[in-house]
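Presented sequentially are two complexes of chain A, the first with chain B as partner and the second with chain C.
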Partner chain A sequence: MSNSVNISVETTCENQIREITYDGVEMYQAPPTLSESLAKCAARIDFSKTSLDDLKKEEKSAAAATDDDKDANQFQESLWPWDSVRNKLKDAYTEICVLSDVISIAKDKRYLVLDPLLEDGDDTKPIVQVYSRKKALSQAAQVLLSGAERLRNAHSEQRSRNVSDFHIELLRLRQNWRLKKVSNGAIIGDLSYRTAGSKFGMSGTFEVTKAEEVMDDEGAGCSTNATSCTSSSSTTNNGLQLKTSSALRVIVPAELQGVAYIKVITQKDQEDLCTAQVNLMGHGPNITAQVGVWQKTLEFAQNVLFCKELFAQLAREAIQLQAPIPHVVIGNQIRATLLPNIQLIISLCHSTSFDSNQPAPINDHDHVLEHSLHQLLREVHFKNSHHPFPHPASAPLGPSKKRMIAGPTAADRESLLDMTKTQTILEQIIAQAQHIFMRKRTQYVLDTLARDVKDPQIVSHWNAMNSPTMSCVKINIVTHGYDAIGRTSLVIHVKERSLKCICRDGRVMKLSYEPQELRDLILCQINSHQISCLVSLARYMAWTVLSNSNHLGIGKVEPLGNASSCLLGSPNSDRMIAVQIRCDPQIDVKVYIARSPRADFFPSPLVPEKFWENLGGNFKEVRFDKIEGKSFLNKMEFLMASLTSNST
Partner chain B sequence: MGVTVLQPYPLPEGKSGAHIMDHLGKRLLSLGASHAGQFLVDCETFISTPQHGTPARAVHVLHNSEYPASTFSIIDNGTGKQVAIVADNIFDLLMLKMTSIFTSKKQTKIESRGARFEYGDFVIKLGSVTMMEHFKGILIEIEYRPCITLSYCWEMIREMLQGFLGISVPKEYPTYFTTQTIMNAMGQQQLHAKQNDLYEPMDTVKQYLEHFTNYRKHVQMHGSMASSTASMGSGMLPSSVGMGRP
Partner chain C sequence: MAIPSATESLSLALKNRFLPNLEYLLQGSILDTAVEHLMHRLKGLCDNVDTSPETFHDLEVCMSLRQPNSPQPVLLLRVRRALGRDAPFQLRYLGQPEVDMRRPTLVRSCMDCACTNGILDFLSEMGFRLEFEYIAKGYMFRKGRMKITVSKLIKIVPGKQQDMANEPISQSYIVELSVVAPTGQENVGEEMRVFAEQLKPLVQLDKIDYKRLANIP
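Entry: the complex of A and B
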């Protein structure tokens, strides 16, 4: 590894800092120039020391040193290479002797005095110091004052802010909406659902600009032109006064201005049955109080875009779908037939003028259809943007998760076919509307029957959890007071155009959308309930059930099936009761009684023996409505009790 | 997906396979069944080269048109143990890559193809089994859709088969469903009654494999017989001459 790193070596020959100004700038001391260093060195020379006495003293000491060295010189003349060394040593010795002499003389202080040398003269006057300090202080004061001035300005701006800062408003806008800056400095925003998966062609771009100087008075509302919707101080929303002006102005495209909603009406022969409104602004005005006027504008524009997309999708599907009765698309209305004589009308209402007197909302608001249409379109968006990730990652990115595991789980042909079927939004909303209608109809039939038929009570329990296209109801037919004896139950599945009825004994009946069929079914069930409860009751009363039939086949032909009957014998067989129940338009009960030994038997030549009187007499009808008792079973109980005789 | 039972139909003398299929189809239509398309079950076998010590392993790859998105595969490791897997159709491409280890035996590619009838809750398929364009026999598949346990509906299926086929079906369960002894979780041997298990599409495929293996063995048997005696029924194996390969 030969990664060589360059290492730079620098001397720390930094110049000494002379002073630091108030700005933080350091003023270095300039390195001394040659002339300056020369002056410095020259100042060190003490010219008072160069007198003749000193020179003589130095010569003497030097001469004494040389005499001593003369002898040594003769010996050392032969050592010529060491001559320079000898000379240098001699000079050094001489100088040391001179220095010691000078010091001893200076110590004496009689002939020689050592004085320190000053580089700067002490000629600064105190007044100069005062002036310099005063200047420094004034500079410091200047810095502090300018800072305080700025703070005061900012503070006063904040306090009296009736014109909000453009940038703060822009920050709020950016927190809620997508913005970007284009090349010429303008700010463009996007309020469409494209990032959420929508493929609608209409663009939802809006422009953000600074608002001009707006007068802070009530009359400012008139100055807004038709294309911009901000700074309108006259916007009151249910009495809540919004911010009168804003530093931002938001310009939305012309086709998205105003307020739009989708209205769904179910109509039966020109009569309004139920109505639904679909829009995104289900909430009150409170959310827009904190943010500016632009929030409301943008929300309305987004709502208009959503409603337009929804209506365009529905219209496209209405034209493409093949229905038995074709759907009609006229202008901003789509008509579809749910059931014969019942139509579904979906219309897009878009108002571009800001009237404060909006039409009062229609009272029977079908929240379910409203929410459903919204959810269905959002589901389409979601499917466009979210694709199930394939496992393994190399598998194709189209199929749903169910289809991907269909192979390893050996899915059969029907399941695979079901996976390929999809329903459009219009089909789904028609199915939901049909189901709502069927459910209302079924509820109406059951409620009127429960109100009209009081003898056995009809109790219906609707399931709390349903799907948008199917509901279930469980019906119990009981007689009050005799719940333990018998109860007839049936379950009805309410689908989009039909009903499926499952009885307790396992019979499954499919009914159409006609309400009369359900009514007939319930009446027949009431019929059979009465007879089966009577049979159980007879057992409790120790009466024998001699025969029992659900469909007698007597009398004239009826549309609703025939009478059901029951024949009971008393415990000691001296009485018989025959009951016949029809449900022709309403429940009709006939009861007959017979006595076993005939009271009117007279032996005749054809039938001479007496014992033939035991064959039983004629049946006589009982005035059943006059019998005491709250209900059919109650009356039958009393009848049976009264006819039971003690036998010996 | 319900309980499925395979029943081979013995060919009477002198009649061809196509004639029998036609005859049975007409019977079903007159009973009230409705013709609902065609079906195809095919099987291809790959054999690994036997190395010393380990016997040859066979991989059977089957397709069933009733489950068009799946490919079934059974590995037979020579000692009787079978491992089965249900996979996506891409499994076939995987087998193409394994040609270095497993060689495909194209001669034993066998299939059952024919008409499919729906009769109430029953689905009846009349299949003629062919191996390399040679007709092998007739295999009837009957499925009772509502039930997924054989023991609950075996009697009804048997009655149905006897009714329209005219042959007698033995009272015992088919050989695939016979009671086996298996080791349970605690290491003990236990009798396991397969007719009480929940039925799976894999069971159908395993039954097909069993019958196909029988047809292949018939070929060998008849192949060896053909080398000794000459006469064969005209409906049976007209091309037994070329057989004799494993």
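Entry: the complex of A and C
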């Protein structure tokens, strides 16, 4: 066929027109490749909607939404094609992970428990609920009641048996003593003075146990030792009936059992002068009645410990001290020499047997020495534990206050050395004993003199406030009736081994411990008192004092003074009185008178004229004891008065 | 041989640590509201608790000697005196603290010296200048050779009456645990650490490095 017509057959425009250019050319969108169409289809799947219903709905809506999606997808082509798929898969994966975590936690049953959901239909009747609650309450009440009954029974049983509770006793023990529980359940107490500053090595531990219920082994308990016995039906010293038994038992180490005391004896030759016993018993409030019987046991043990520490300390010091006469430590005894022939004996008495041979009460018990010994050891304890706090607060801890100001006050070597010296307990107790002895001696000398010498009266005033090693006495010497004329006073400081006398004129004399020296001194003071009073009296009576001397230097010459004398002239100087007072060893007064000129003058070849008689005449001794008058001054007053008159 | 200047010999002495004493120190702080509990605790732990705790009221003045062209002072000295009490002044030198990790406490060399009240004038004459001053007021305890101070630091307002105008620096107390011991006693630190442990919930005693505190702007 030559004139066949070409018919062009075109495929229908399946592709979408993307754009029509201005010259009418249509730009088609290229058909999607296989992978692109797969991605498009896959993107339509919603992985979150997995149930069938959802899928059905999805299919319906998918058809409707295709057109919309087409447009939307066209503009998201710049994204990675699998992006939405990836996101959805990732979300699903996250959910799976969370689910698996929850399951693994729930499997562990520590943090999460899965419970089946309550179905709504499970509603109980209110009457059933009330009934079950009532039943539960009555069961609880039953438990409580039975418990209360048991408690009441136990309580009444305890009261009827009058058995003290171990724990109550332990509580009381704990209030007064230091206790601690050790690993194996035992209770250990400490009765040493270590917390109070003691450095004594001996341990003061005791053990607390529960007493056995059975009374039969009481005998066994007592046989171990008296102190560790639970002391059934024991009676204290004041007759107070204690509880029949104690549920608590204290076991004191063997070396602290028994009774101990320290005996202090001052001995002259072999005769006891004074005795002191150191014993802590009976000090402090008596709390034995309120607390168990163990209180007594522990107090005794503590006393033993105290005495042992005191004695150990004294013995150590006795050995270390360099005394001129060395101290002797033999066994339980320390001997120290106080003054020649006078010894201080300190002994530790420790008896483990009770009241079998209690020492008889000593009458001349020296409370002062006893107290001092206590105090001295306590002071050592106190100093060990109480150091002064520094001020200001940055200053070092340790040096004493005195030491702190040593630098700023430019203390010299001497005073720094003094700070390092401390007196030991033994030195202090010896000093105190010596002082006690010196004081007694001084008292004795003064009292005997006051008794023996009547004429000038000797009045001694002892200071009420003393230190342990120094006391002070003031002595006034006066003549009765002539107090206004003259009074001699002196002060004596009684120290440890010496006396210091301070006279009114400012003279200071040191006397040794020998009583004779004090006696001589007082006698000399009496002499000078008499003379000085006589001088004043003479002035009142218009007599002239021609001379006087307190120390003639005749007779027995004593270092502190001797005979004294005085020479008086009458107002018209025709008579003279000479007085001499000696004191060896008794006070001895001699009075002489002289008259010149004599009333009757007979001229002789040697003394031709009467005026020669004015040179003075012969002294004649007056029998002084025959003169009227109560005292020396009184007699002298009469004598002077009678000589003043012109009558012959 | 050149004679070294005073400053040179001083710094030489400081460097060579010729001081025989070391101060072992732990510090902490506690709020005012809780200090009462700490006092009770200390009363239970320390020596001599039968008496009431020892109080103190001190004025501390820190004086420094500086070189003309160096920012760091050559030497810092502290003068401390107890207010209302007749006690000598205390002059104190404190060395650089060593914070050694192996040691339980802060350690610094120290030197204490009691002085008369002319010390401040003397230091001023030597060229020392006032660095700072404060009042410390509080309580002191001791346990063996350890000294424990619980003190309130009080700022001094210049030009006002001493007692009235001064105000506390903070609402807390500083707690210090210190021991001054000769060099070579290493067990001191351990002893202090054990004691500090016993105060633990109330106050945390620790070694405090001042150099690091100073760097904080």
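Here is the rule we use: the second predicted complex is superposed on the first by the 434 of 648 C-alpha atoms of A that agree within 3 Å, B and C clash if a C-alpha of one lies under 4 Å from a C-alpha of the other, contacts with A are read in each partner's own complex, and residues count from 1 in each chain.
The working rule: contacts are C-beta pairs under 8 Å (C-beta built on N, C-alpha and C of every residue); 3 or more make two chains touch, one makes a residue touch a chain.
None of the values given here were measured: they were computed from a predicted structure.
Visitor: For A:445 in the superposed arrangement: first (chain B), second (chain C), both or neither?
Guide: So A:445 meets neither chain B nor chain C here.
Visitor: Determine, under the contact definition given at the top, whether A:416 touches first (chain B), second (chain C), both, or neither.
Guide: first
Visitor: Would you check which partner chain A:396 touches, where first means chain B only, second means chain C only, and both and neither mean what they say?
Guide: second
Visitor: Where does A:386 make contact in the superposed view: on chain B (first), on chain C (second), on both, or on neither?
Guide: Only chain C; A:386 stays clear of chain B.
Visitor: Specify the partner with more touching residues on chain A, choosing between chain B and chain C.
Guide: C
Visitor: Touching A:546 in the superposition: chain B (first), chain C (second), both, neither?
Guide: It touches nothing on chain B or chain C.
Visitor: Just chain B (first), just chain C (second), both, or neither: which does A:408 touch?
Guide: Both partners, chain B and chain C.
Visitor: Of the residues on chain A, which ones does chain B touch that chain C also touches?
Guide: Of chain A, residues 407-408 contact chain B in one complex and chain C in the other.
Visitor: Which bits of chain A are touching chain B when the two form their complex?
Guide: It comes out as residues 403, 406-413, 416.
Visitor: Which residues of chain A touch chain C once you look at their complex with the stated criterion?
Guide: Per the touch definition, chain A meets chain C at residues 385-387, 389, 391-398, 404-405, 407-408.
Visitor: Could you please specify the touching residues of chain B with respect to chain A in the complex?
Guide: By the definition above, chain B touches chain A via 1, 66-72, 86-90, 200-202.
Visitor: Along chain C, where are the residues that touch chain A in the complex?
Guide: Its residues touching chain A are 47-48, 54, 56, 58, 60, 78, 80-82, 85, 87-90, 92, 112-116, 136, 138, 140, 142, 145, 147, 149, 151, 180.
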